[in-house]
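Shared chain: subunit A. Partners: subunit B in the first complex, subunit C in the second.
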Partner chain A sequence: MIAETGHFALILALAMALIQSVVPLVGAQRGDAALMKTAEPAAQCQFVLVAIAFFALMHGYVTSDFSIVNVWQNSHSLKPLIYKISGVWGNHEGSMVLWILILTLFGACVATFGRNLPPGLRARVLSVQAMIAVAFLAFSVITSNPFARIHPAPADGQGLNPILQDPGLAFHPPFLYIGYVGFSMAFSFAVAALIEGRVDPAWARWVRPWTLAAWMFLTVGIAMGSWWAYYELGWGGWWFWDPVENASFMPWLLGTALLHSAIVVEKRDALKVWTILLAILTFSLSLIGTFLVRSGVLTSVHAFASDPARGVFILVILCIFIGGSLALFAWRAPIFRSGGLFAPISREGALVVNNLLLAVGCAAVLFGTLYPLITSAFGITISVGAPFFNSTFVPLMIPLLLLVPLGPFMSWKRADLAAVMQRLLFAGVLAMIAIVVSYWMKYGGPVLAPLGIGLGFWLIAGAISELVVRSKLFREPLRVGLRRLFGLPRSAWGSAIAHAGLGVVVLGVVAVSAWRVEHISVMKPGEQIEIAGFDLHYVGTTPRRGPNYEDQVGAFRLEQGGVEIVKLESAKRVYTVRNMPTTEAAIYPLWTGDLYISLGDAVGATGRTVRVYYNPLAPLIWLGAVVMFLGGGISLTDRRYRVGAPKRARKAAAQTAGAT
Partner chain B sequence: MRSLKLALAIFLIGTVLPAQAVEPDEVLSDASLESRARDLSTELRCLVCQNQSIDDSDAPLAKDLRVLIRERLVAGDSDGQVIDFVVARYGEFVLLRPRFAPHTWALWLGPPLVFLLGAGLIFTSYRRRRKEAAAVTPVPLSDDERRKLKEMTGG
Partner chain C sequence: MAMTRKQRRAAFIGSGVAILAVAVGLVLFVLEDTIVFFYTPSEIAEKGVAVGQRFRLGGLVAEGSVERNTGATVKFTVTDTIKTLPVTFTGVLPDLFREAQGVVAEGKLNAEGVFVADTVLAKHDENYMPKEVADALKEKGVWQKDDDKK
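Here is the complex of A and B:
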């Protein structure tokens, strides 16, 4: 009964979305306030209905109701509760419901918190948002019904894909989806602006926080996926240029560009047409990402849906939205007049270069991801892998990263490059020192690696310099300087922290790529190896049973100078329900990096293949992503973004005026 | 040029992914040959896997290929000769970095073209807007406005 309620709620939500996609739009065109007003309750109601469906499905998973096909196929009564819950989105049908839930949540947020938006814009935005919901609700109801029943109900389920039974991967999809779907807000605002024929700084001020929030979650979602690959796939790599990874990385690249170009619209009333195009393209790439993963055109670990009917349906959605919005863009874009003029060397100019490099980088990833798919349609099979991306994408990012610290120091309209460089003197000197020191410490290693370390320090020190210079910290008494430092706008803190986080990521990436140490050998119990100044003793391997898996646990003892530091366990795990092996690597975080032990197959009577890696500074890759997330969060709390702030301020002003 | 590209790759992104796959018995005793073998392994696709290089894969076919390239290297082949040998045997599908040929022109030239297109657009729109701005000649102040300005500046 609960499942049927969920199914019914999903269908009702579709009907509600249909109404919401038409009525407010008509109202906005005719200037009919009553029709426009229907958008808000409709959006809220739609969200509640989808939430009912989502939790009905979750109820099926938690109570192990195997009369629901979806639960039967993807769950098992022995599974720990947390994976029963994450099982809801660990499959095609359920993940679409989560996708729609987040989509309607964003719509409901605009309806609830968007009271200070102009009514016409609000009605149009919600209407466009509902059109996306219509497409995906129809997709879910028609081709991917999560509530289909099976009779008679099987005794037990078939189990969740063991790879997905992992805390990192269990919560990776929700974060990723909040990011993906969050860009739908930018898209809806862009299309609404095209319909209205008006873009102004207020529009940008509205788009920015939504884009920023989506970007933050996408950043963490990607980092979680990468972290999962690092500790779970068993060979210590953290980015594989897999099409599914690229599918999430492309919207991130364009989303980052959008975040920056929206600043120019807000502050200088320029780059309007480009920003609208960017908003459309960013969400289009999110849709393409959804299509790539959901349609099963890529046969990789992640693609658990492979039903051509679904693929065609999503492809049609894709064509309608991308084609439709781009056609609308081509038709309406020429009416926008651009505002502020600027010289090539200026803040605007720097942001244009940022956008160009990010967009071209995104194009390189897009070409590499889609090209093999396209040629295979013509019977030519080629592979595009990591080496391609490393020789096209990476060279584009190096100049971008070099320029990052310069941007915030440039003044609007026209900047003095010499003055900017002068302010970055400290950062430059620090980067030089970092290059020399790392060259000396790792003498004989890859020649370019110290330059990479210098780049990381350049980014971090550049970000710090920005805060110091802006607050004139050392120009005045320390107390005044500090007060001014903490009085800087939160958005200044946010961008500086996010840029520093980027530097932290660069440090981790460079160190792991250039200086990792690996030791592959066959070890017998009692043997030891030496790695990165430590002695690693292999104690032996013993079997162990888990709730729904069996482990072969290899025990290790890590010593330094004869003193035991820690006991470590690395396991080969087999999930009994699906008979699928996985690797549970032992990762021990040292101050300078990770010690990574991966247990291999048995060799002879007692031997085991053991792969030991020392990954210097590896945790910085994910730590940097978290720092970027925090930077975004701090920026989001900036007073100017606080929803409804202008209205409250006006009210307060009116009250004080009344009191006097 | 090749070594420069490789160095660039090593510079930022981990091409040199460690191998889950390389087994202790495969490793060559000559360290420089072994490191060349590892670099080559990251360029070649494991044909039976999904998007994995033979350096990452523990499939038997990947192991055969790893052993094969080590045999060729020991026999004195250059890196290019090894790649040619593998391509002759398994086809171009095995290359993770497709060769620059008519059927991959769009792939290799696409991103640079996007760059040129973008840079060109930026340049022309900058030129156009500067011209537009120059075309608007500022209207001189009227006598009335002049007087007001004088009052305001207190002159």
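Here is the complex of A and C:
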């Protein structure tokens, strides 16, 4: 009964979305206030309906209603409750409902909190958002109905893929979806602006909070996926350039570019056409990513199993939305009058370079991801992996990372490069010291690694320098300086923290990539190996039972200088329902890095293959992402974003143009 | 420096094109060395892959061929039911590595004709047949749908 309610709610939502995609748009074209006003309650109602469907499905999982096909295929009565809940989105149909839920959530938020938007723009934005909802609701209802029933109901479910039974994974999809589905808002704003024929600084001010929120969550979502792969898959790697990973990374790259170019639109009324295009392209990449993951076109560790008919459906959706929006762009973009002039060496110029490098980097990743697809259409099977991406993406990102600290110091319209470099002297010196120290500490290691460490410190110190210089901290009595420091606008703090977070990530990435130590050997009980200055003793392997699995637990003892530090366990696990083996790695965080143990197969009577890694500074990779999230969050709380009305926004924009 | 709007736009487009050109050059330069081709044992026997060239080998793990007695090094044979190829791998095998199941390994052929793998791939499904392997087997006409689930 509840499942049928959910199903009905989904269909109602589709009908509501159809109305919402047409009526407010007509109203906006005609200037009919009554028609335009229908958008708000429609958007809110749509969200409520999809939420009903979502929770109806969740109810099916929580009560283990195996008469629902989706629950039967992906759940099991023995599963712990939290994984029953996360099982809702651990499959194609359920995750599609989550996708649509986030989509309608953003629509409802704009309807509820976007009262400051001019009614015409708001109506158009919500209409476009509804069009996207129509497409995906139709997809869900027609091809991927999560509420299909099976009769007679099976006694028990087929169990969830045990790899997905994990706390990290429970939160990874929602964060990720808030991220790249959230970019639909920027897309809707862009298309609405094209229809309306107007892009002004106020538009940019309204777009930025939604884009920033989406970007924040996408950052964390990607980081969570990476962290999960690190500790769950037992391979000690944190990024594989897997097509599904790339599918989430590409919108992140363009979304970052969009965030930065929107600043130029807001502050200088320039780069409008480019920003609109970026907004369209960012969400287009989200759509392409959705297609890649769900169509079965790619071989990947975590692509959803699905059939070609669904792939074709999504492909059609893609063509309509990407083709349609780009066609609209080509037709309408020329009417936007370009704004302020600026010299190449200026903050605008720096942001243009930022955008160029991010876009080109994204194009490189896109090429590497799609190239195997293209060649397989011609019958040649190839794979493009880490070597390609490391050789193309990384060299493109290095100039960008070098320039990041300069940007905030450059003034609008025309900047004095010498003055900028002078302000960054401290950061530069610190980076140099870091290079020398890391070269000396890791003498004999890869030559480029100390430079990478220097780059990370350059970013962090540059971010700190920006706050210090702007508040003139050391030029006046400390109390005055500190008060000014904390009085700086939140967006300044936000961007500084986010850039510093980027530096933290760079440090982690460089350290793990360059100085990781790997040791593979067969160990018998009582033997020990030496790694990174520690001694690892292998005690033995014993069996153990869990709620829905059986373990072979390898016990280890970590010592240094004869003193025991900790006991660690790594297990080979078999989930009983699906007879599927996995490896549970042991990760012990030390101050300088992770000790990572992965138990392998038995060799002979008592031996075990053991793989041990020492990953220096690995936690920084994900810590940096959290710092970026915090920076974005602080930026979101800036007062400017609550001021939305056109007149006040323009005045405020003029006032703050000089300060930031 | 005073630039007309046109000059400025030209400069930006120029620098954009320059960065794009660098990226394209980089991609093309790197592409040939980083593409990894996929072959089945029959294709290797037919085409003859050069020693030391990196490629992916796909097929089924021949039953009874897995040997683990030489420490951390595992030896097994990959077959596509027509031809076989011996493989050696040092490391921890993925959890789903099993005899008579599909496998994809990446590495190089050594002078003795043994495939030295540095990566062995598996997807997380107990009846994993990599798409490339399934397609290749279908082409050869030896594809059998697995009816018995273990």
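Please note the rule applied: the second predicted complex is superposed on the first by the 642 of 660 C-alpha atoms of A that agree within 3 Å, B and C clash if a C-alpha of one lies under 4 Å from a C-alpha of the other, contacts with A are read in each partner's own complex, and residues count from 1 in each chain.
Operating definition for what follows: a residue touches a chain if its C-beta (ideal position, glycine included) is under 8 Å from a C-beta of that chain, and two chains touch if they have at least 3 such contacts.
Computed from a predicted structure; not experimentally measured.
Superposition model on subunit A: subunit B and subunit C are shown in a clashing arrangement. Of the two partner chains placed around the shared chain by superposition, subunit B and subunit C are both touched by A:T609. Judged by the touch definition given at the top, the superposed model places A:P344 against both subunit B and subunit C.
By the touch criterion defined above, A:L278 reaches neither subunit B nor subunit C.
Contact with subunit B, but none with subunit C, is seen for A:I398 once the two complexes are overlaid on the shared chain.
Legend: residue contacts after superposition of the two complexes on their common chain; A:V352 is shown touching both subunit B and subunit C.
When the two structures are aligned on the shared chain, A:S598 is found in touch with subunit B and with subunit C. By the touch criterion defined above, A:N579 lies against subunit C but remains apart from subunit B after alignment on the C-alpha atoms of chain A. In the superposition on chain A, the chain among subunit B and subunit C reaching more residues of subunit A is B. Shared-chain residue A:A463: touches no atom of subunit B or subunit C. Taken together, the two complexes place residues 234, 299-301, 338, 341, 344, 352, 356, 360, 363-364, 367-368, 371, 380-385, 387-388, 391-392, 395-396, 520-522, 583, 598, 603, 609, 611 of subunit A in contact with subunit B and also with subunit C.
Residues 161, 163, 234, 299-302, 305, 338, 341-344, 352-353, 356-357, 360-361, 363-364, 367-368, 371, 380-385, 387-388, 391-392, 395-396, 520-522, 572, 578-583, 598, 600-601, 603-604, 609-611 of subunit A are the ones touching subunit C in the complex. Remark: subunit C residues 1, 3, 5, 8, 11-12, 15-16, 19-20, 22-23, 26-27, 30-31, 33-38, 56, 68-69, 71-72, 90-93, 95-96, 106, 123-126, 130-132, 135-136, 150 touch subunit A in the complex. Residues of subunit A that touch subunit B in their complex: 233-240, 242-243, 299-301, 338, 341, 344, 352, 356, 359-360, 363-364, 367-368, 371, 375, 380-398, 446-449, 451-452, 506, 509-510, 512-514, 516, 518, 520-522, 583, 598, 603, 609, 611, 613. Interface residues of subunit B, counted against subunit A in their complex, comprise 5, 7-24, 27, 42-43, 45, 50-53, 56, 91-98, 103-104, 106-108, 110-111, 114-115, 118-119, 122, 126, 129-130, 133.
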